[in-house]
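Labels run A, B, C, D, E and F following the written order; every chain starts at residue 1.
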Amino acid sequence: MRFIKAKLLVLAVIMFLAAPLSAETEMEKTSSWLPSLQTSTPQEGFELAVKLSRVGVKTTQPDKEVLFREREKYAQSGEALIHASEVIAVHFQTVAAANNYWK
Amino acid sequence: MRFIKAKLLVLAVIMFLAAPLSAETEMEKTSSWLPSLQTSTPQEGFELAVKLSRVGVKTTQPDKEVLFREREKYAQSGEALIHASEVIAVHFQTVAAANNYWK
Amino acid sequence: MRFIKAKLLVLAVIMFLAAPLSAETEMEKTSSWLPSLQTSTPQEGFELAVKLSRVGVKTTQPDKEVLFREREKYAQSGEALIHASEVIAVHFQTVAAANNYWK
Amino acid sequence: MRFIKAKLLVLAVIMFLAAPLSAETEMEKTSSWLPSLQTSTPQEGFELAVKLSRVGVKTTQPDKEVLFREREKYAQSGEALIHASEVIAVHFQTVAAANNYWK
Amino acid sequence: MRFIKAKLLVLAVIMFLAAPLSAETEMEKTSSWLPSLQTSTPQEGFELAVKLSRVGVKTTQPDKEVLFREREKYAQSGEALIHASEVIAVHFQTVAAANNYWK
Amino acid sequence: MRFIKAKLLVLAVIMFLAAPLSAETEMEKTSSWLPSLQTSTPQEGFELAVKLSRVGVKTTQPDKEVLFREREKYAQSGEALIHASEVIAVHFQTVAAANNYWK
């Protein structure tokens, strides 16, 4: 029971991570995956910051299999989760400034 | 006695973390959980920075069970507590700038 | 002799950390513990940055006993001391900007 | 089979890393490898941020063999991947500001 | 011979660290150890950034004996040296902005 | 053969690190090693950022022998290389702002 749950969790995480990853990969193949830093709302700006953080990781390690394996691991580590949150925070500073803080 | 205390502590931490988490999750399901970076006071701005830090963690690991387990662990580690405080500091820079430092 | 000294040190650290913590906790219970980012002098601004760093830690781990235990530990670790100094530095950037660098 | 795959992965990573590295090394030999922080698009700005992060690493360790060995290692570690993404984020702040956020 | 050298090194580091520390401690006892962020030159600004980094460490661990023991240790660790350099860099950003980059 | 290569590598790294270090040490003995943050080109600005990062390390550990030993070690570690690159990135933000991004 517990084992199945763990399996499902791993699967869910992979699927969660796979979805945006595939989208990004396709985007990168096209001429532009980052046409602008402007977003309509702060929330869309936060989502863009998350995306930039992920592309930063993918740039250093483009191999999908390694990425999935590592993402599963760091998604299980409290310290790594905080570190990932920090990278998002740095990018959110940039995106927020680009949008004049949506004032 | 000590054992019960430890148990209660764990419970308290879970409840502390659970409350805002549930609220955030519900917020995210609605169209907007971050309508604005503007707040009335510096203190509300600090609370928004804490919220942004937590959403950053949750974005990387959306599974509640893993989050609770890891949050309990990093809430027990001095180094991780400092790191969490750093992420809040980075987001507070953004929120403070967005509010023209509440001058 | 050495043992007593160590004991006294631990006591001193606890008392040092306890004093501002209690004050902050009481402040947080009142409606406002952070009424403004403006300070009269750069030195008061630095002290505010220290306070913000500590509130950031306390927000993640509000249990006093765990905080005291962890603070004793990280106050004994060179690496953690540098990390704590870094969080203060990030908050000091915000406070300094809020005060137009006390020009 | 698995062994060959691993070998190919290592080869792919080396080639991926080697390509820009050689280019950069040649650039550095010429009078200017960083003529400007201005880029046409946000995406080109992100690529410049990646380049600046890599030059920063290379400046500290110019020996190609050590670099390749270490890059392979950190490209396999989730924590290091996040850290690399953080350096890119800091440089992207600079490049974005230099381009007035491509407004 | 080697032993004496090591002993002398430790002594030198302690004396190096002791000097500014005592000065700072005395300063803190007076009404103001940070009267201004303005400096005449960039170099004095860098020295102020170093001072701010050290006060940040001392605020977290005011016990001199522990500080000396830990400073000796982190002054021997490459990773901690880089981290200390990072804190200085963050404070230097603040000081440089306060001086309008000494333009 | 391999042993000689390793030896030569160590020597090369020492010489690489020794050169700028000596220059900086001499500079520091003179009245000014950082006369200005202004540079002619972005590339010279990047080099200044590298220099500031190194002076930050040297300020914490002025003993050349320890520095050489530690630099060799961290120049061999992927994680430390990324961290060094991060410090350069933070200083480059400052230098770039000081030069109005060489617009």
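Operating definition for what follows: a contact is a pair of C-beta atoms (placed from the backbone, for glycine too) under 8 Å apart; a residue touches a chain by one contact, two chains touch by 3 or more.
Since the structure is predicted, the reported quantities are computational estimates derived from the model, not experimental observations.
Peer 1: In contact with chain D and with chain F at once: which chains are those? Just list them.
Peer 2: Output, common partners of chain D and chain F: nil, no chain qualifies.
Peer 1: Centroid of chain C to centroid of chain E, CA atoms only: how many Å?
Peer 2: From the centre of chain C to the centre of chain E is 19 Å.
Peer 1: Measuring from the mean C-alpha position of chain D to the mean C-alpha position of chain E, what distance in angstrom results?
Peer 2: 32
Peer 1: Can you compute the centre-to-centre distance for chain A and chain E, using the mean CA position of each chain? Integer Å is fine.
Peer 2: Whole-Å distance between the two chain centres: 37.
Peer 1: For chain C, which residues are shared contacts with two or more other chains?
Peer 2: Within chain C, residues 74, 77, 79, 83-84, 86, 90, 93, 97 contact more than one other chain.
Peer 1: Counting only chain pairs that touch, give me the topology of the graph as line, ring, star, complete or other.
Peer 2: Per interface graph, the chains form a ring.
Peer 1: What order results when the ring of chains is traversed from chain A, passing next through chain D?
Peer 2: Start: chain A; next: chain D; complete ring order: A, D, F, E, C, B.
Peer 1: Mind pulling up the chain D residues that touch chain F in the complex?
Peer 2: Within the complex, chain D contacts chain F at residues 32-38, 52-57, 59-63, 65-66, 70-71, 73-74, 77, 79-80, 83-84, 86-87, 90-91, 93-94, 97-98.
Peer 1: Which bits of chain A are touching chain B when the two form their complex?
Peer 2: By the definition above, chain A touches chain B via 9, 12-13, 16, 41-43, 46, 50, 74-79, 81-86, 88-90, 92-93, 96-97, 101-103.
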